[in-house]
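Shared chain: chain A. Partners: chain B in the first complex, chain C in the second.
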Partner chain A sequence: MTGSVWELFFLVFFGLAAIWFGIVVFRTHSMVRSALALLFSQTAIGAMFMVMQAEFLGVLQIMMMATEMSVMALFMVMFMMDPGGMGAMEMSHQKRLSLRAGGVGLLAALAVSWLADWGPAAASIPDASRQVELLGIELLGRSMFIFESAGLTILTSMIAATMVAIAPRKPGGGT
Partner chain B sequence: MIVELSVTLSIGAGLFAVGLYGALSQTNLVMILMGVELILAAALVNLVAFWRYLHPDAMSGQMFVLIVMTVMAVEMAVGFGIAIARFRSRGSVEMEEARELKG
Partner chain C sequence: MSIAILLLTLTLGAYFIAVIEGWAVHGRFSLTRPALSAVALFGRESLLARTPDRLFFEAAPVLLLVAGLLAVAVIPLAPGLIIADLATGALFLNAALAYVLVALIMAGWGPNGGYAMIGGWRFLGQFIAYAMLIVMPITAVAMRAESLSTTMIVTSQADLWNVFYQPLGFVLFVLAAMGLAWLPPLDLPNAPGDLAGGVEAEYTGVRLAVLRLARMVIILALAGAIVTFYLGGWLGPWLPGWAWSVIKMLVVTTVMLTTGRLVPRVREADLLAAGWKLGIPLALANIFLVGVIALVVDI
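Our next item is the complex of A and B:
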């Protein structure tokens, strides 16, 4: 088989895995399993990035999501009334509307992806080390303002989230 | 037609549909955040596919991916901040009980 066929095979494999684990997120009653399913889904997406030869983004995606989903699993256990799913609590509403909205979104996106004329495919792709070099030049050149703004936005949201989460002080001195 | 691009965009469409279903159907704030994460993941898949199959020499495509990853992190941070505040004041993050802002 040629490289392109293998690429297509692994794209489909990891893509279906990502979608399947995405479905498992909302099908299981256990919240920890939900968080782990989302982690596997995001990891499969990271693997798709690597298949598409975006190694840096793939590794970044896997590392970032592993951390994020670990935090999410902790929050799940803290906040849910039934984190283990032992009572099989119903935690969904307006299912029919949600299914219809998801179905319409799926059909619209599928129609665009298969019917649109995307133009010719790119002939060649820079290798991994050259990509990182080019991305560095992009980040510290033309896109520097956007890049710095993203960093500042993360800092601001961290401070804002912490301020929102801190318990308000009561006038008597206690928290 | 670029088959790999269309297949990857279809996978993105599937992730978007699952995420949209989750964001609309779940009653728990943390589960709604998971749905939004899947929608943003679909956007990531599409961006990487466009970069890879149409413009691999233009690194602004990868730049967009980094921005969407930033949005994912910010969304989680703010969402969890709100979840903690809500849990502290009401003892629950069930959104069906959050009717204070309803007109």
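Our next item is the complex of A and C:
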């Protein structure tokens, strides 16, 4: 059972890495560091998927987060007064409210993990290529409606946000 | 044994890419030049900019190299001659190369220099232009192979190479690959002549050597990806499989490194407009066409 010991080791390792990078997000003053710490936290979660033999999900998570968090870094730099953290800008706001919300969230997560009936552990895992196939069938079957409506919602909100962001053009030339 | 062969091939490949790039840039074909430049870079002082983001500055070249190496790991040179034959190989290649973007942003932000920072953020804009054109042609390739495994993708081309099956996807993928490796005319992040080196501007000595080596590995990975996805990988008559892979990769690299220099550098805004208004509709059309052909014709 050495394989499972190593799996456990790497699972704990990447889990701790994810938590550590999550803490770094709030400890740093630099917007870019903050965004990239969030990226590496998500990458560590992707690595946890890989350890748990969910290869497709892991690779997808690792791929998507790299691009999403980089774009987020760009927006943070664009809109913040102190993107480099040189002026020691305070990164946290509404501390008491966020502490309470975080505490409630933690309790809820712990309650779910303890109280939920997780059912018996899977005896065997289908190999990675079979997983991809099963996921594809799931996405084009039962879950198709959910995914399509989510995609359409995101697209609509992106177009709406872009429309709101465009400055109205003044009549008679110039912007 | 096969790992040793692969490492040797990787080292030689990266070296030859440096030789070909020297030939394309300086017009002189020299087999010793990259080795001499490497020795020179190692001998030189590696300067540190004033008030840098030290962590990003140090980590960026290493992350770039790791991203390139991980991408190379899923490229098959011959049946069985592959570092990691993942069931999700084609997607994994994307995932690894997405970190090229992260590394370049870090390299741009780290040294606290204007040119470097502009280069780094420029690459993010460039990424938004090329990213979909990497993923969508691969989708069409995977549709034909009915698998994301890179070896399965090669064997699916036994009757007809993908370059003839889906030429549109091939053209889009090669252009996007040139954007990913910031090769001319899409060399916006370092832009010799208008950004004074861009992301490379503040790097010197050993760090610059690692940065340049990483870029060679990325070009090698992309040439490998083009050969695997479109040019039939190791398939070919007479010669052994690995030889075909190597020959094809060298030809693709030479074409990528030389042809782009014949056209002027593309502006960022034009690149984004072309990518989204022309590239993505064409990539969608490619997926649709490949789907129809796969359903109707049995090849």
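Keep this in mind: the second predicted complex is superposed on the first by the 148 of 175 C-alpha atoms of A that agree within 3 Å, B and C clash if a C-alpha of one lies under 4 Å from a C-alpha of the other, contacts with A are read in each partner's own complex, and residues count from 1 in each chain.
Simple rule for what comes next: a contact is a pair of C-beta atoms (placed from the backbone, for glycine too) under 8 Å apart; a residue touches a chain by one contact, two chains touch by 3 or more.
Keep in mind the model is a prediction, meaning the values are calculated, not measured.
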Partner chain in contact with A:60 - chain B first, chain C second, else both or neither: both
Chain B versus chain C as contact partner of A:129, first or second or both or neither: second
First, second, both or neither for A:152, with chain B first and chain C second: neither
More chain A residues in contact [chain B versus chain C]: B
Contacts of A:12 with chain B and chain C, given as first, second, both or neither: first
Touched partner set for A:140, first chain B, second chain C, both or neither: neither
Overlap of chain C and chain B interfaces on chain A (superposed complexes): 56, 60, 71, 131
Touching residues on chain C, where the partner in the complex is chain A: 53, 55-56, 86-88, 91-92, 94-95, 98-99, 101-102, 105-106, 109, 121, 124, 127-128, 131, 147-149
Chain A-touching residues of chain B, taken from the complex the two chains share: 1-22, 24-31, 33-35, 37-38, 41, 44-45, 48-49, 51-57, 59-60, 62-63, 65-67, 69-70, 72-74, 76-78, 80-85, 87-88, 92-93, 96
Chain A to chain B touching residues, read off their complex: 4, 7-8, 11-12, 15-16, 18-19, 22-23, 25-26, 31, 34-35, 38, 41-42, 45, 48-49, 52-54, 56-57, 60-61, 64, 68, 71-72, 75-76, 78-81, 91-95, 97-99, 101-103, 105-106, 109-110, 112-114, 118-119, 121-122, 124-126, 131, 134-135, 137-139, 142-143, 146-147, 150, 153-154, 157-158, 160-165, 167
Residues of chain A that touch chain C when the two form their complex: 30, 32-33, 36, 39, 55-56, 59-60, 62-63, 66-67, 69-71, 73-74, 77, 84, 127-129, 131-132
